[in-house]
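The structure under discussion appears below in the form of structure tokens.
Chain IDs A, B and C follow the sequence of writing; residue 1 opens each chain.
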């Protein structure tokens, strides 16, 4: 993995990333690289710092030191909305959607136009917006629920809706935090199918505990433990790493 | 402006001004302690906090009247009984209010603010109807009048010293209850994770009710102490409420030490400024400084950086 | 999907009903004194309207709207006071040509910041810009640092306290606790006689409808939906590429400007301005008007304001003892039992019955849509 000298190869280059909360290092000198069109899964025991890594990349948490290069831009210096504009999308662990709005309106808000105050005031719901919302709604299995209040959706549907909100944003790097947690078996299958369809032309960074699901989708797996990388490589390699078996898979 | 004073006089003035600041400090700490528990620990914005304080003051006033009429012999010691009564009166009212009002609103902090504001209006009117619109003052026992002569030019009033001593005692008591006792641990457990605390067998509803009552009871004691240095009217509580909230917020809402530190810095700033300018301008500048600092450091003086 | 850019049919009907009520019914039924009282109430309706946008939709509770009401009012009052303090009118003073309270406070020349208020154009601009910029500064300082919820409420309250103390303390420049009284003419047109009161009333109603239309426009734009979305899930909005702070600042500024217009109309209609409309107590009272009307209802804010003030006037005239109990009880009842206020009651109980009675099934009430989520996000 010494090709890091040619940043063009990588969509995302995290190097020396550290964040400490009152002395506790949740992420400690972490470096990893994600290529274009790669699906990377991060696994690790609870408290390993997985969610914190996503928080750092999308700007929710500020790094104590280190850098996060995305297409040549240092994300640690950008604000959250600028990071989104640069092409990073983030789905949260618990579905976070707007309960008081309809499914259509939820998707529409994520449509990448009119993001300034003035732009939002003068935004019009034209054919382009409507077509795109319908297109995405079809993908996330919510085509016939567009006018429904989002609060009435089931847990799985809410997860899909949030994924849909990210799709409409069309990010180059999509980050998903436990996308199938709390889903039924049939919903899991549908979600895997959905993810496999949407990963075309973009890189995806997924946190997941469901090993079956990980095996299905991952190109490469990174195992985090106590804020540091324990092992990295193909699923096959990681699965047979004695260190990984000891701290994580063995349980 | 210092031309008229000798160096010695000036020194004395600063000492006396500093002492005035210390009394103000005690007042702020007493007011803020109760609110630090209710707002800082429970997250309830109790806009009627001042009225709980005033209840304590009225209870003290009534006790002093009773002693004057029926037990003049014991008058010099009435204050200690009055304080206990004030604590229980305000605490009981607090418990009632928690049961009727607050417990429905834990998830809606801004709505608690409105509801308790309504409560404060009703209490004010109740005080006005019962005790009259005029301010009442408490007759102090002999031993509390007068002042201690420290040097020729420096005198400190005894009631001020008494209030300060009281503040120290109550602060130690609150710190003990919140940080050492089993009950304090339960309170903090409930605050940090209500569901989990319930799951491990803590009666969260009861903890909430008693915590709220404790905060209100301390407000009552604060009101009782106030009668030593000022008079009480139906709307006196409202005068203090903004200051009290600022003290708690400025200190970092969840930190008791922060509350004390912020009470100290605010009171000293104000009393020092009062030496240079009118009282109202001193107040304006102090509040502006507090608001300005809060804008730069919204988490207050003392706050942990936590992983969210 | 209701795709209208502006208003739906039932909302239009609601606006028409309010227009008939304010423009036809009230002027026909009330004498000039009472009509002027309504004009005074309506000045608070501007504030309530702003709070619907800022608090109801945006979830930002400001307890300092009196500040903006006051700034608008004082800007207007300064102009009117200067006109009332012409050299002729004030020749008995030791310094003629300056406002009387300055003369009483041994001030001998007009302070520099008073001078531009000789111009009506400047005054009108100041009524909008001074509170607008002040709100922008406070909003930027707070929202950029993610201060919100209860902290924001407490800090706005502190700002209200500071401004009141400042106005009361600086008598020579502001008229102190009595405020600016004895306002007489606007560009030579006497604002005191009955016919002037009537003209001012209609002018104010016109302005109110202009503000209602602005509020409707904001609400029905994508910005309105973003405000609601922010109230539910602030982080989701932020990570959908929006600068949440800017939207909050916008909502806060709109509310401040509406409040300031109300304040300016107050100075004109009532003929004076004083610090008692600036501080914490009036600021919180203005929140209750909004809460009673329904914090999500633009028209409800107007009805709520009129109703609470009407109750206040009649109760405090006949049972002054009861008034505070009534107001306090109202706060508690609205919060505990009717979080959506009058508009909620109308939408949940009255309108369905009317519809059933007429035999038409209409969609949900036009002037109350989504219900209040469990308060605003806690800080």
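As a working rule, a contact is a pair of C-beta atoms (placed from the backbone, for glycine too) under 8 Å apart; a residue touches a chain by one contact, two chains touch by 3 or more.
The structure displayed is predicted, hence computed values, not measured ones.
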| item | value |
| --- | --- |
| Central chain (by mean CA position) | C |
| From chain C, the most remote chain by mean C-alpha position | A |
| Rounded Å distance, chain A centre to chain C centre (Cα mean) | 44 |
| Averaged-CA centre spacing for the pair chain C and chain B, given as whole angstrom | 33 |
| CA centroid of chain A to CA centroid of chain B, Å | 48 |
| Touching residues (chain side chain C, partner chain A) in the complex | 1, 3, 5, 217-218, 221-223, 225-226, 228-229, 231-233, 235-244, 246-247, 250, 370-371, 373 |
| Touching residues (chain side chain A, partner chain C) in the complex | 58, 60, 79-81, 84-85, 89-90, 92, 96-102, 104-106, 108-110, 112, 114-117, 120-125, 146-147, 149, 162, 165, 169 |
| Touch list for chain B against partner chain C, complex | 43, 45, 101, 104-105, 107-111, 113-115, 117-122, 124-126, 128-129, 238, 242, 245-246, 249, 278, 280-281, 283-284, 287-288, 290-291, 294-296, 298 |
| Touching residues (chain side chain C, partner chain B) in the complex | 61, 63, 141-142, 145-147, 149-151, 153-155, 157-159, 161-162, 165-166, 168-169, 280-281, 284, 287-288, 291, 321, 323-325, 327-332, 334-336, 339, 374-376, 378-379 |
